[in-house]
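The two complexes that follow have subunit A in common; it is paired with subunit B in the first and with subunit C in the second.
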Partner chain A sequence: MRARTPYKVFRVVALVVVVLALLAPLAWMVAASLKTNVDIYNPDKAVFFSPTWDNYAKVLQQANYVQFIVNSLWVAFAATALSLLLGVPAAYSMSRFSMGRSALVVLMARVIPAVSLLVPWYYVFSNLKMVGGFTVLILSHMFVSLPLIVYIMMGYFDGLPIELEESAMVDGLTPIGAFRRITLPLSTPGIATAGILSFIFSWNNFMFALVLSSAHTKTLPVAIFDFVGYASIDWGGLMAASTVVTLPIMLIALFAQKYVVSGLTAGATKG
Partner chain B sequence: MAGATTGTETDVLRQSSVIVTSLAVAAALGLSACGGGDAEGSGSKTVRVTLANHVWTDNLKKALPEFEKQTGLKVEITQLGEDQLSDQYNVKLNAGSSDIDVMMYRPLQEGKLFAKNKYLADLTDKVKSNKDWNWGDFKSGPVQATTYENKVVGVPIITEQEVLYYRKDLLKKAGYTNPPKTLDELKSMAAKIKSQNPGVAGFVARTGKSPAVTQFSSFLYSFGGDFVDSNGKSAVNTPEAKQAYAFYGGLIKDLGPANVSTDMGWPEAMAIFTQGKAAFYTEANSLYKNATDPAKSKVSGTVGFAPFPAGPAGSKPYSIPSWALGVNDASNNKANAWKFIEWATSKQQTLENEKAGVPGGRTSVAEDPAATATYPKDLVEANAEMAKNGVGHDRPLVVKVAEAREIVGQPIVDAITGKDAGASADAANEKFQKFLDDENK
Partner chain C sequence: MAVTTTTPSTAGKTSLTTSASTPGWARWANRHRKWLFASPAMVFVAVLIIFPVAWTLYLSLTNAEGSVRAESEFVGFANYLDVLSDTERFWPAVLRTVVFTGGVLAAEIVLGMAIALLLWRPFKGEKWVRVAILLPLVATPVAVGMMWRLIFDPNIGMANRVLGWVGLGPWPWLAGEHSALPTTMLIDVWQWTPMIVLILLAGLTSLSDEPQEAALIDGASAWQRFRHVTLPLLMPTLVVAVLLRGIDALKTFDILYATKGKGGGSFHEVETLNVYAYGLSFDYNEYGVSSTVLIIFFLIIIGSMWAVTSRRKDAA
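Showing the complex of A and B:
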């Protein structure tokens, strides 16, 4: 087409550089997870080494990681599901009935640094004797997910032509029926985007889980630090654990990215 | 095994405490009978303990079922990395939480802050109540660090000193039969070895502004300086301190690894040493297993240990309690919390730890040959030597330790990068004095 060859070459080179820069730490992490501790420090064995599965065995058997994976999955899933349940209708009403101020209040929650909330939260929840349970973790993660979902979905609903709902109502649907049977199915790609982002945020959240979880509700980002000791750091175990944490979320993102992109390109308005 | 005698001895001691404990438990049961699974009530059977990731903690967990069986108490352990532990304490204790009964903390890093904020319960009566447990057996330096305004607020569990790690093979190759006795010898030996072995540094140590402060402190003391003088004034620009900064920085700049980063904590510096890329390394003795364990170190067979070399003021390494156990002042379960501490710091537990390479707080155990049987012999000798002339702190004794470390650590970095260490020390001194003034307001 119109793109000239030098531009094309530049584009390829730039892409390669960026991809390499982004992938190098990941590659290093995976490689290190397959090395013994003494080899990790050895630059001569950076690329060629005899791999070992010991680190993974340690992570999955000794360190009880299956439990932490289940914890993380449960918290991320519950927080996302509940946030979607509350956030999508909220976003719809804010978008359709121009509730600008409410939207601002929700945005505030994104602006306040989460750290500043930790002490009061901890105080309140420990008096309610909820600290250490899943409920409080899910609630705290919803604090991040909910505004995110509301904002993504508001933008999405703004983009959906109101005429679709109007014609649905002309055909005899109630406003709620129009939302449920017309708008909602059309917003699946938006909901998927919001849900996946919220899931990832929750999966990666460290700070809330650090303070609000207990030994048996600990999530993965907190559990990773079990490999860092005062007088010894188990790099192999740490890298294997990090790989275990990263892998599912990368798979989800890859799989979902396809879905999101296809959803977006298909377009919401077919007429 | 010689350890067996000490074991039975403590067993007898324990028998008597079992009776006391079971009485207490019976009382506790009576009190909380209607509470069901409630862990908050006074005299709860569950003791909530927050511990750092450490070999000490691993050892304790192994022995824990025994304690639970004997006392009928349940111990709930939360285990975290040291920084995460600090974060958690800062949130939870600030909120006045009673969720923590026993806390493992760093007396020198956060002890003063915690004590000042009244997070730590006064244990003075408790430590003196049990003669068999014997508070007098604890080393005096560490005890000082866990005492605040004449009140005992913690029991030291892990102590450490700075030693010289060196490579026996490289020294031998250079014609030396003994490790250096003085800092000057260290410098000349390091220079010779560096020139003989391309790619091997003569000396390595921590270079990061904050992490280096503790390991630099022994140099500072051995040159005759300290961070704060006897009048409570900043002393980081005295001639002695300036010399120490220049010496430490110079060692790394001239004899250290090529293109050395000024961001190294112990993991990085230790890695250079254990990959065989340095001849000398000054570091805490508590880390010795990283160098002697073949799974982590390429030089495990050729590592030697020596007392910290003497400077103009003699050999004055730090000798400090890196960790202690305290009771959360807001805990509703202080009696049982103390019971746990009493057990965790008993002679037998201390011995078990000492055998596993974790030096504890008790003199009697440190002197017990059974305790150090597994240690490298030269390390035992070095430790014994240094226990005599050690200094009880390895960083400025202030409330905001992290901030103070950043200030007094700056000249270290400047000296390593070849800037004027003297001028940098003057600047640091002014800043540090201001910091001290603010803190004492």
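Showing the complex of A and C:
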């Protein structure tokens, strides 16, 4: 279908407006992170200013952000790895044996308000002297990652023809052998999608760490939130800290765009 | 959602191919692989859900407060009566939750549909537009909240400067008693409209061209083709988008807490049910009342999901 010229012009203008509306705030955040606090208060320095790395130096050295970056990375990697370990075989079973109702149990985790889980968790884990440790943080983040992974991988296994496994079994592989040697290697794109999505959601998670972390296990989103606990806000530092937490995720989105999009839209078109 | 290609009979038959030379435990594992694979994940989720939900139900019937270890008394449905007759905090929070969720959903669906239609047919530079759409979506919500706090700052923020250029403002944005909630809704629309765009775009690209072409030959206008061809075909995808986004919008916490802090601000101006329940639990330690609010909140979520999915069956 050929579009008419007025529509073509309208479309270009509309798309430019959309892209600007989405990107300008992010650009503003990064720009402010490179300004001195005096320049942030000066309207004449909105676009043209002499950039400085001082805010980043301050945040990374004084505010101990390196520790928080390591914490965030460790929690996100561990939660993702363990969730894949539990979630991929579960999704395989649920897809191959049509376990719709069992899948619903796992997906319930997406629906329940997290606050209602946090009070009992807090009670139990504080009795076990685990609150503030990494184990409980990783477990809580798995609670977000696991349903996501099961949901994405079920859709992926549904689309993988069973005939490949059947012919492998005719050739003498056991069913589990066929899963391990045929299905799993074929599922690499699906596993990558699920893993990347799980990492992003864990990295961005705020509420679990807000309640369950301590000074030495704090993740980046909580560290940023703590930044504004005082009377006046250090905008330059705050924007540098915000950029530090968002930039890695945006780079992942940039380089793994295909996987991120297919994960976010998983299951949407099958109804 | 689960469209499976296997029937139980083929699954049973395949396990017979296990040869006699495999050891006993391996044969056992292969025969029971269905539950062997599925149960660890299910047990993990069930233990972390069932116990807390039962506990929350129990707490909602007690006057637990102060510390989770403190003695508490069984008070029956007193909390429910208190909460349901509380017009100072509870009902305004319900209203805000409904306004927030309804408002952002409507705006995100309309904008998302418009942007998805703009992106539908291939064009030059498509890849870059798609990256731009992805970035707000994956950005850390707390950082997004902080970013908008600077932009909406009444004195130094860019938002009022832009309003000044066109002769408007200044507006208090997040700082105003009545403007805070609409402003947080604006932030939510900025961050999550891309989600709707991506889902609808996936739906649009999976549609076949023939109905469109037939309508074009019949002389249908662009609006008629959208209204009577594209929209009905896209309905199932749209319902999924509303369902996924709706659940998350009801539970919005990060942006609200990051921009307004405890209690949804000094006038509770952005205090939705989720923020209220969080505050009761972790800022004020009112576990009994908080559990009551959470049970009611949970019922509201389930109720709205049920309403959307039953409409989906009507539409199908």
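To be clear about the criterion, the second predicted complex is superposed on the first by the 244 of 271 C-alpha atoms of A that agree within 3 Å, B and C clash if a C-alpha of one lies under 4 Å from a C-alpha of the other, contacts with A are read in each partner's own complex, and residues count from 1 in each chain.
As a convention for this text, a residue touches a chain if its C-beta (ideal position, glycine included) is under 8 Å from a C-beta of that chain, and two chains touch if they have at least 3 such contacts.
Since the structure is predicted, the reported quantities are computational estimates derived from the model, not experimental observations.
**Q** In the superposed model on subunit A, is it clash or fit for subunit B and subunit C?
**A** Superposition result for subunit B and subunit C: clash.
**Q** Taking the superposition as given, does A:228 touch the first partner, subunit B, the second, subunit C, both, or neither?
**A** A:228 sits against subunit B and subunit C alike.
**Q** Touch test for A:214: subunit B only (first), subunit C only (second), both, or neither?
**A** In the superposed model, A:214 contacts subunit B only, not subunit C.
**Q** Going by the contact rule set out at the top, does A:36 touch subunit B (first), subunit C (second), both, or neither?
**A** First partner only, subunit B.
**Q** Between subunit B (first) and subunit C (second), which does A:108 come into contact with in this model arrangement: first, second, both, or neither?
**A** So A:108 only meets subunit C here.
**Q** Which partner does A:131 contact after superposing on A: first (subunit B), second (subunit C), both, neither?
**A** In the superposed model, A:131 contacts subunit B only, not subunit C.
**Q** For A:123 in the superposed arrangement: first (subunit B), second (subunit C), both or neither?
**A** A:123 contacts both subunit B and subunit C.
**Q** Applying the document's definition of touch, where does A:169 land relative to subunit B and subunit C: first, second, both, or neither?
**A** second
**Q** May I ask you to name which of subunit B and subunit C touches more residues of subunit A?
**A** C
**Q** Hey, what residues of subunit A end up touching subunit B and subunit C alike?
**A** Correct list for subunit A: 41, 118-120, 122-123, 126, 210-211, 222, 225, 227-228, 233.
**Q** Can you name the residues of subunit B that touch subunit A in the complex?
**A** The contact residues of subunit B facing subunit A are 40, 52-55, 76-82, 84, 87-88, 91-92, 94-99, 267, 271, 274-275, 284, 286-287, 289-290, 294-298, 322-323.
**Q** Which residues of subunit A touch subunit C in the complex?
**A** Going by the criterion above, the answer is residues 1, 3, 11, 14-15, 18-19, 21-23, 25-26, 28-29, 32, 40-41, 43, 46, 86-87, 89-90, 92-100, 102-103, 105-106, 108-124, 126, 139, 142-143, 146-147, 150, 154-155, 158, 161-162, 165-166, 169-170, 172, 174-176, 179, 200, 203-204, 206-207, 210-211, 220-222, 224-225, 227-228, 233, 235, 238-239, 241-243, 245-246, 249-250, 252-254, 257, 260-261, 264-265, 267-271.
**Q** Quick one: in the complex, what on subunit C touches subunit A?
**A** 1-6, 8, 10-11, 14-15, 17-19, 22, 26, 29-30, 33-42, 44-46, 48-49, 51-53, 55-56, 59, 68-69, 115, 118-119, 121, 123, 128-144, 146-151, 156, 158, 161, 190, 194-195, 198-199, 201-203, 206, 209, 212-213, 216, 236-237, 239-241, 244, 247, 251, 253-254, 257-258, 274, 277-278, 281-282, 287, 290-291, 294-295, 297-298, 301-302, 305, 316
**Q** Quick one: in the complex, what on subunit A touches subunit B?
**A** Touching subunit B from subunit A are residues 36-38, 41-42, 118-120, 122-123, 126, 129, 131-132, 210-211, 214-215, 222, 225-233.
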